[in-house]
Structures are given as structure tokens and as C-alpha cells.
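Some structures are shown below for you to check.
There are two complexes below, and they share subunit A, which is joined by subunit B in the first and by subunit C in the second.
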Partner chain A sequence: MNFEFRQKPINLRTALAAIFIGTLIGFIMVALFGYNPVEVFATLLKGAFGSTKNIATSLRWATPLMFTGVAAALSFRGGMFNFGIDGQLYFGSLAATIVGVTLTGVPGVILIPMMMLTSMACGAAWAFVPAFVRVKLNGSEIVPALMMNYVAIHLTDYVVHYHFLASGTNGDSLKTERIAEQAQFSPLISGYQLTGAIFIGLFVVLAFWWLMKKSKLGYGISMSGMNPTFARYGGIQVDRMRILVMLLSGALAGLGGAVEIMSMRWRFESGFAPSFGNDGILTALLGSSTPLGTLIGAMFMGALKAGSLAVERYTDVSRSLATVIQGLIICFVSARLISRYIGFDKIAEKLSAVFRFNRKAGEKDA
Partner chain B sequence: MERANKEVEKLGREYGLPVDPKAFVKDLPVAMQQRVEILKVLYLGADILIMDEPTAVLTPQEIQGLLNTLLLLKEKGKSIILITHKLRELMSVTDDVTVLRGGVVTGVVKTSEASEKRIASMMVGKEISFEVPKDAAKPGEEALRAEHLYYRDKFGVTMLNDVSFTVRKGEILGVAGVQGNGQTELIEVLSGMATRYRGRIVFGGREIRQSDLPLKRREAGLGHIPEDRQTMGAALGATLLENFIMGGLSDPDYTSPGMISYSKAAAVAKRQYENFDVKYASLEEPAGALSGGNLQKAIVAREIYRNPQILIAAQPSRGVDIGATMFIHEQLIKLRDAGKGILLVSSELGEIMSLSDRVIVMYNGTIVGEVDPENSSEEEVGLMMAGMKGGRS
Partner chain C sequence: MLDFGILGVTMRMATPILLAGTGTLYNDRAGVTNITLEGSMLLGGFFAVACSFFTGSWGLAVLAGIATGVAVSLVFYFLTSVCGGDELVVGFSMNILLDGLSIFLLKQIFHQSGSLVDERIAGVPQISSGMLGRIPILGDLLDGQTWIVYFTFAFALLTWVVLYRTPFGLKVLACGENPQAAVTVGVGVLKIRFLCNLIGGAACGLAGVQISLGFLSLFTQGMTVGRGFIALGAVVFSKGNPLRLIAVTLFFGFAEAMSNRVQLMQLPSELVLMLPYLAVVILTFVRFDRLRKRTQKQEAC
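Right after this comes the complex of A and B.
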């Protein structure tokens, strides 16, 4: 694999231009399908930012992406490509849920940390396999990580079906009992979809910032990702860093799943976290794997999600359209890889030149 | 195919560049490969040849051969642009000289009317003497000892074959040799970048185990200016500051347990870079933005700042202008005079001869001899480098 988007930062302009062009093409597509694009996008924007309640919904969807986004960003910084976030998330959250439905007698202050630690340990364990393949067997970490997503998703279904199925269901919907009440987060403001989970997410982002900006470990991780030969030469144990970064990444993925369950779902349900992993990777890419960038990326993706849910609710357009827009943005962000060939940066430059020109013209008029 | 073979042979005879058209290029020695390269260009009907540092990897004998070829090509009506930083080549084969410094033409002269000194001063902007003056070495205790080192590369080729030597404190031991005769592997084995070797390494009385990684060896007093500054010596995408911190993660000036203070490190880096005359816009700019010479100075500054007891200096002046080369040489001598042991590995024979207190010559993975640079000629060493003659040992 010769992906070079592990470290190279994308600048703000490229990210904005990607979002702009992705949206623009989405706009055209909506029109082509016979809908009114203005109405659809107005609904999308309103759904994301229209009221405090909608903003809360955007933040609610941004929260899991803080975990998976940091998980992805951390692995990229260390020169590893954790494509197995989904699997780690499912495995970790089922383990946490099992703790949550079994130890119902334990008080919340103990039960909640226990569930978190369980999810982190299991997520890390799931991430260890691809790390081991990369470091000890000299293979690629990407393929085993990807494949283990399927294993985790279906294995958790199996375990739920045969051992932890909620009573009253006959397997028509695969879900466990609710976790103990004392482990269920309640909304910060009643009626709003926002819980304390967001603070845990923000803490994770902050911890990521501290790791990269203040600690020796973060320096070792970053240098191992930048140039492993240089890192080895300078006395950094690159293999150790690679394993560590994958374990941390997996732990964060698992934690993200457990927090989602404690915060919103209160039970493990088949397919409860659709594409949190891939969205996390996109989040990290949008934010060029920096702490602040990842936070902004998560917010953006969360807003897009909240907006698309509104689109689905209030218009005839399917939610998949928002997914299409997301996909287009991914394309254009990664298009900076080939920007030399299609002149993408030049387009961005031209656009900003046009804006400057307009502004100047406006100044003249005034 | 047959016709092409004949054509190549004919061309080879015509230009005095005989090659076997059926040989595989990978099996040929470097000088021969270069010959193929030149023939290829001639075969394609070129009239102008641009050669960028063509003698960098050749022995003195091979260089002479190449220069003769260039003269012959000139006679046959070809135009040649020779880019080089070696004055001797310049003086012996060129007709006109254009000197570039920092992207600006600083002089255009007829070679016949110029002197080496004058061209050199155009290159650096001031009159210089080539050799950095130095006092006689005062070698002290042993700083580095290597005993019976054997090493095979990943293809199973023996690259080090029973290599033993000692570097004392306060001396520069030069390792001469044409590239690819085991010097790179020797450095990797000493620095801990390669661990599958046999033999014994001692740093200042401290036994280095085979499994000791680069960190352990740095802690034991090793500094290392690597031969490849682009991949090993620096992370080009990382900032200058991050590059400076490498290898200094236990420096009490800017680290505390587990943590780094980048602002304190910046103050240190700024001071040290200033001492070493590294020109940069900001410590936050990527190392890749620096010119080759500046980057090399930054690497030397970093490694010397760590106060190593033993310094491996590999190709310390490769691709660096004369001013920076002299500066780096001065620093190495200063370090020597401060009682550190220096292992200088260079394919630049002039550098080896002028800096070293003792010189060992490597050929084909073994040390074929030791010479005293004061009392031997470059030709003598050149012959040993080409495996023609065992020297006095």
C-alpha cells in the first residue's frame, strides 16, 4: 500500500474547497433527480443548525466521531492505517454491554468506569492482531484490520443472538437487555439529545492534543510516522510505537462504542453504529490528523448527519443523498493526492482570487 | 537485438568505451555502469552531454579514465557540461568555467586563465585555504573498539568480513574506500541500525551487546552524522525543531519525565543553529525546505550538541559547498581536540586525507591496510581502494 495521506497535512483551503465542490455536485445531483435542491439544502442546514435542539443533535452525532476520529488520527500520525475501527468498536461495546447487563448491583461510579475500561481493553485486543501482522510478520495492517471488521460485526451478532438476547424478542431484532440503570446517561437538558458523553469525547480530543504537543511519547509516535528510519536512528523504538498506536487507537474505538451505548442506546443492538469507523477516518482526513482539525471534522460530520436525518424526515429525498455528499467530499479531500494532475489546488486558488476580486469590486463601489 | 549489440560495440570502440553488450548492468562495477550510461546517451544521438558529479563514486584511476573519455568526446565534436565541485577535474578537462553560488553566477572564466585558488574563492566568496589547519593529534584512551565484525546483508552477501579497529579519544580515524565496500554496513552495525552481525563492539570500555538498539548506543556516548541525510538524518516533513529534538529526549534542558517543552527546546535549538550558522526562516518550517548544505549543518549541529564521546561522521560534506565543508571540518577538529573519538567515513579521498590522523582503507568488506595520511599519497590510497595493492599495516 502506498497511501501517502498518513501525515501530509491538508490545508484549510483544500478542505473547504473539497466541501464546497462536494456540496455543489450534490446540489446538481438533487436537481437531476427532480427535487428542488434549494429546499433540500435549506432543510439540511436547518436540520443541522436551525435551532438549539438541532445544534444539540449535531453535537450528539459529532460525539462518537470524536472517539473514532481521534482513533483514526492517532494511528495515521504513528504511520499505521487503522481500518479496523468498526470492528474494534463493536467488539469493545459488546464487551462493555455484557458488563453493564450482568453487574447490575454495582454502583454507577464503579460500573461506568468498569464498562469503559472493558471496552478499551477489548478494542485494543482487537486492534492488536493487525498491529502484530504489520510489526512482527512484516505484512500490511490494513487488510487484517478490514477483515476483522466483518468478524467482529457478525461475531457480536452471534453472541447476542445465542447468549444475551433481550427477553420478549424472538431474534427478530438482535439486541440485548438494557444495561443497568445507573450506567445510563441522561440528557443534559431534558428533550435534547445531548448527554455527558460529549465531555468524554472532548476530553479524548484534549488528551490527544496533550499527547502530541507535550509528551515524549507523542513525539516518538509522530516521528515514527514521519520517517521511521530517522526515528530508529534517533533512538525511538518504532515497532513499539506502531503497536502502541494501534492499541490506543483500538481502545479509543472501543470506548467510543461503549460511550455511545451508555449515552444513547442503553443496549447493544445489531448495527447500532453504522459507519462510525469510516466516518472517523474521514473526520481525521478532513482534520489532517491534528487534534483541532479532528474536532472540527467531527463537528462538521455530525452536522451533516443531523442535517441529513432532517432531510429524510421532512422531504422525499432519501438520507443516502447525504451519504453521497459525504462520499463526494472524501473523494475531493483525497483528490489533493492527485491535485497536481487535475489542478485542484489551482481551482481553489482561482476561487479565492474571484472572491478577492469581488470584494475589491465591492469596496470600490462603496 | 544483434544489430543493437553490434552498434553498441562499434560505438564503444569509437569512443574508447568498451563494454560487453550482453552483460547485465547490475553485475558491472560502478565505473562500467557509468560507461553504459554514457554510451546510451551517445547511442541515442546526443550532441550535448550534461554530467552531474560523475566522479562521485569512482576511484582516482577510474576518474582519470572518465576524464580521458570526456576529452575524447570533446574531440569528436560533442559539447559537455560538467557539473562538479572538484576543482582538479575542472582544471584538467574544461575549457570554460562558470561558477554558481546560491543560484547566482559569480564568475565566468577561461580555464587556461584561471587558478584553482581563484575559482575556489569565487565559489565561497572569500579567499580560502583548502585544508583546515590542525595540530597534531594527542590520542588518549580507547574510545571505540571493533573486534572481528562480520555482517551479511539481507541478500546473504558478506559485507563485513573480519573488520577490527580502534578509535582513540582525541583522534580522527578515517575510513577510505569506494562506496559499496562495506562502509555503510560498518556504520549500521556500529550505530545499532543493523543488529544481525557477529563480533564485539566496545564504547569507551563499555561492552555493547548485539541486541542494543540505537538508543542504548546513544546513551553510551555515540553520535552519528548519517551518510544519507534525506532518509536517516532528518524527517523532511517534520519541523526543524522536531528534527533538532531527535536523539535528545533525555536532555534535562527541555525535557522532564515523559514530557517535552517545545518552547524551551526552541531556545536551545535557536542558539545551537546560530552557532553553526544554519540559515532558516523559522524553526516551524519543514526540514525539507532547507538547502542540502544547511540541512547538513543542522544535522552536525544537532549531533555535536549531544556532546558525543564517539562520533561517526559519514560523508559529512557530501553535496555541501566549500564554505560549509570547511565549517564542518573545523567543527570535527574542534571535537577531536576536546578529546572525543571520531570515525570519519567518506568516499571523498581529499577529505579523508586532510582530516584524518590515521586512515584505514576498506575494500570488499575487509580492511586492506592502514596508512599515515601525512606520509602517503592519494594515489597510493586510491590503488588500495581499488583493491590493487595491500598497504602497510
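Right after this comes the complex of A and C.
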């Protein structure tokens, strides 16, 4: 099977068309089951942007996607498909939690970086296996990365269940004790679900931008992703780049999990991040793996998540409606010719023609 | 612990993996990277359960499952071959979409979240005859299985014949190995790929039926738990050979059967559940090409 993956650039019009068609299909699905789609989607929008508190919730859900989105985007740029972000995230965040639970006497200034570094190291270690399979064994990284997700989920469950179970739970819910108080982030404004984690997320996106645009290493990474043969002729060690990209990607995934635990959960819980990894991959695909695109993608996905939670709370519609819409959007972003088949291209052309005509007329007047 | 009863469980556990894998093998050999197995199986299983719930007939349920798989593969074909989508991206997002869709439909049709268990759901009957059960090893293997199990192994063997002994199979192989050359000699590459897509989709749908109705007669969200991806791994390891695929899936089936067995002994269930996935990871480290070379060298000596 051919698992070579190269991300194609996505222009804004394709993305907007995909979002439009995806939402439209979601609209129809809701209507088919006898609900008022306008009402459901109004609830969704209100849940995402209705008040400052809701916007804060959207940003809260966007934060982990900044980490996992950049992790996915980085691997795509380096020509690897990191399917194992979930596993890396779980493994890294459990390691960080163990540090946070055991070293309670350490001051926060030291403990927080320690937890972050642990999570990054463990996430990278988890990502090393698929990278090794790809580079040294000449296999595909996709299948081992996927399987490592399930291994990580069961392994972390085991470690929590038998070694770090919170007192008072009899194994009915698998969670650890809370991490040391000095490592818990508190909300920036009380009552809002927004902590300093978002600044770490923004910093990660910024670092990604710097790496890809300003550094020699980033050039090597994107060259070996775009055209490995050419990169090899140019003296770039492609195999080393691939391993490095996967390690960095895994480290960011682990960091994302640790930050989520420090800022929101304060403890490791079985299944605390059910879809951060997959959502991160969707984020990167929507943002065509560029730093700005990934940031916007994360914001969009976060808003969709916050909105879908509101939909589930206030209406009878399942929140997995958002998952369906997300999946549809990425399908349509990739299948760019679809807008031609449903006649969307013609409408867009006409609209832009009208717009251009008006502008020309305006210019003449001036 | 190691009585022959485990052979029957191995067969049962290997069936969905082998069925979906064999279907995807057609895609693989025709040069299409279709990774929608997981979602296709899940939605196929869901619609089979839904159909069984409303009609009470397992026959219609099987048809519904197959139809779902075919529908999914048609969407995949439309998005990739017609609309120019990237196969990996579309496959990946369709897996997420179909998982979400099964949860959405479960909530909207049955007002359940999590799982659907009902007396009205008729399962696919298990065939057991007294005669068959009394034959020592063969009885353990074949007795008390659904007909889907028999069909699966026959289908895999038939696939070997189709691929290597028929004109259609030759065309499929040509499409995968050198599409340009295939077009030059007049093979309709798109048509062949379309047919392979349909076969793959139907097989994945039926595999979903075996998971949801073959043994338990219920649907829970995400109940395929990565079996589609295991099947994908099996296809990759088998390098497109149906016979090797049978061997690989039997190994995975054995790992799952063992994990069922070991669960009865007081071992941590989390570690036991990990076994099948770990088996796949470990298998990626085995390099079959190198192994074969070594045996060839030994033979040469």
C-alpha cells in the first residue's frame, strides 16, 4: 500500500467552500430527524461565541488542539503521517502526572518545567517506535503508530489502576490523585475556563512558525517532506530529519496532554482526552500545515467543540454532530473538485465576478 | 489452558479481520490506499443491528450491513477518484466521520448513548451440529460458528484464485503495479478500481455484521476497537498475498483469543486487552523479506 503523504496547499476559497458544504450537510441531517436546524445551529453558534464566557470556553477547547495541531502539522511538513498523537499524548501526560503526584514538596517554578519536560520526553519516546519502523525497517509508520494508540490507552489504564489510583475509588473510575497544588494553573479570570495554558499554546505555534520560516533546520524538514530525493542530493540527511520530526511531534503531543492536565483536570483520568489527537490531525489538515492555518484551524475546531457541547446540553441532538461536520469538512477540503460537481464553483465565480465588476465600476468613478 | 477450544475462538476472532483485510486486499492490489475499514465496519455493524431491530430478520440485517459498506466505499470512490481527494486524508477523516455518525444515529434513532441492547435484535445464527462437534480438532474449529466464518475463509482462498488465476485478477494486479501500462493495453483502470472498491466495501460491511451480530447481537459505540486498523496492518504485512493474509490474521485472532483466555486468570485486564495491539506492533519489527532471504540462502547452501 502506498502510504506516502504530501500535504497539498489549500486556498481560502476551498476551505470556506468545504466548511459551507459540511455545515449544509449537517443542517440537512438535523432536519431529517425532525429537529429545527436553524435552532440547533443557533445554539451551536451561541455556545461558541454567544458571550465572553462562551468565547473563553471555545479558546479553552482550542488550546489542546494548538499542541496536537502543531504536532500533526510538523510531522506532515517532514513527510511523515503521525497517526499516533493520541498515544503519545496519553503516555506523556501520565508520566507528567506521576511527577506531579509524587514530587509534592518541589516548588512550582521547578515542578511545572519538570512535568513539561517529562511529558515531552515520554511523548517523544512513544513516537520513536513508528519513526524507527519507517526509517530503519523501511516499513510504514502508520500502522504501528495507530496500534501504539491502543497500547498507550490500555497501558496508562493499567498503571493508574494498579499503582496510582486515587484513594476512595475502587477501580470503578480510573483516576489518579490530584497533582501538587503549586503545579495547578488557576483560571485567568475566575469563573472562566481559561488559563495560562493558552499562552503556552500560542508560544508553541509561534515556535513552529519560527522553525519553519526562519531556521535552517525547518528548511531541511520541509525539503525532506516535499521532495526527499532532491533533499538527499542537496545534502540533507532525510532519515535523520524524519526521526527528528516524529520525535518533536511526539514531544509536542505529550506536552499538550501535560498542559491540559495542569490547567484543567489536575489529575490523570482514563479517557480524559478522547479525540485531541485526531482533532489535531484534522486541524493541521484544515490549516494546510502552516502555522497560521493551524492556529485558525485550532480556533475553528475549538469553537465547534464548545458549540457542540452547548447543543448537547440544550437540545436533544448528539454532540457527535460536530464530529460528523468536522469529518465532512476535511473530506471536502481534500476533495477540492467537489465544489465543481455540486455547482458551487459557478456560484462562487459569479459572485466574485459581480464583486469585481462593482469594484471596477467604483474605480472608474474615482 | 491450551485445549483445542481456543482454535474455535481464534477462528471467530480472526474472521472480521480477515474479511475486511481480504476486501481491502483488492483495493491494495489495484493501487488504491483505502483506510476506511474501521469506519466502514462500524457503520455496517450499526445498520445491521438497526435493521435487525426493526425487521427481526438477520438476513435483511446482513444485507443492510453489506449495503452500508458498499455505500461507504462509493462515497470514498467519489471523493478520491472523481473529486481528486487525497486517499489518506479522505480515508482518515471518513473514519472519524463514520464513528461520529454511528453515535449520532444511535442517539437520534434509538435515544441511546453508548450502546444498544434489545431482545428484538436477532443475531446471525451459529451453526452447530452434533456430528461436526464430535470430530476432534475439526469440530473445535468449525462447530458453533456463524456461516460468515466459513464464508470468510472460502472468500480468502477464492481471492487467491481470482488474483493469480483469472483474467480479472491479472487486470487488478496490472492496475496496481503499473497503471500506465495497464491503460496502454486497454485495461479500464478506473473501472477495475471501482469494482475493487465495491468488493472492499461489501467485505468491510459484512465484517461489521460479524462483529455486531455474529456473537453478541448488540451495538456499542466504537465497538470495532481498532480491528479495522489491525486488518489494515495485516494487509500491509501480507504484502498483498491472500494466503499470507490468512496466516497473519490467524495470528492476530490467536492473540485476541489468548487475551480472552488470560482474562479468566487473575491478570490485570488492561494488560491483557493490550495484547492484540502489541502483537501488531511487534509484528512490524519482523522483516519478512529478510527472513525469506535467509531461508533461501540456507536452501542454497
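Heads up, the rule we're going with is that the second predicted complex is superposed on the first by the 331 of 366 C-alpha atoms of A that agree within 3 Å, B and C clash if a C-alpha of one lies under 4 Å from a C-alpha of the other, contacts with A are read in each partner's own complex, and residues count from 1 in each chain.
Methods note: contacts are C-beta pairs under 8 Å (C-beta built on N, C-alpha and C of every residue); 3 or more make two chains touch, one makes a residue touch a chain.
Keep in mind the model is a prediction, meaning the values are calculated, not measured.
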{"item": "Clash or fit, subunit B versus subunit C on superposed subunit A", "value": "fit"}
{"item": "Subunit B versus subunit C as contact partner of A:Ile236, first or second or both or neither", "value": "first"}
{"item": "First, second, both or neither for A:Asn227, with subunit B first and subunit C second", "value": "first"}
{"item": "Which superposed partner A:Ser215 touches (first subunit B, second subunit C, both, neither)", "value": "first"}
{"item": "Superposition-derived comparison: subunit B or subunit C, residues of subunit A touched", "value": "C"}
{"item": "Subunit C, subunit A and subunit B - angle at the middle CA centre, rounded to the nearest 10 degrees", "value": "80"}
{"item": "Subunit B versus subunit C as contact partner of A:Ser318, first or second or both or neither", "value": "second"}
{"item": "After superposition on chain A, the shortest CA separation from subunit B to subunit C (Å)", "value": "10"}
{"item": "Touching both subunit C and subunit B, counted on subunit A across the two superposed complexes", "value": "8"}
{"item": "Interface residues, subunit C side, partner subunit A - complex", "value": "28, 31, 33, 35, 78-80, 82-86, 88-90, 92-101, 103-104, 106-109, 113, 225-226, 229-230, 232-233, 235-236, 268, 270-271, 273-274, 277-278, 280-281, 284-285, 287"}
{"item": "Subunit A to subunit C touching residues, read off their complex", "value": "1-3, 5, 8, 29, 33, 81, 83, 129, 133, 137, 139-140, 142-144, 146-151, 154-155, 157-158, 161-162, 275, 278, 281-282, 285, 316-318, 320-324, 326-328, 330-338, 341"}
{"item": "Contact footprint of subunit B on subunit A as seen in their complex", "value": "7-8, 213-217, 219-220, 222-223, 226-227, 229-237"}
{"item": "Contacting residues of subunit B [partner subunit A, same complex]", "value": "191, 193, 213-215, 218, 224, 226, 231-238, 242, 245-247, 249, 255, 258-260, 262"}
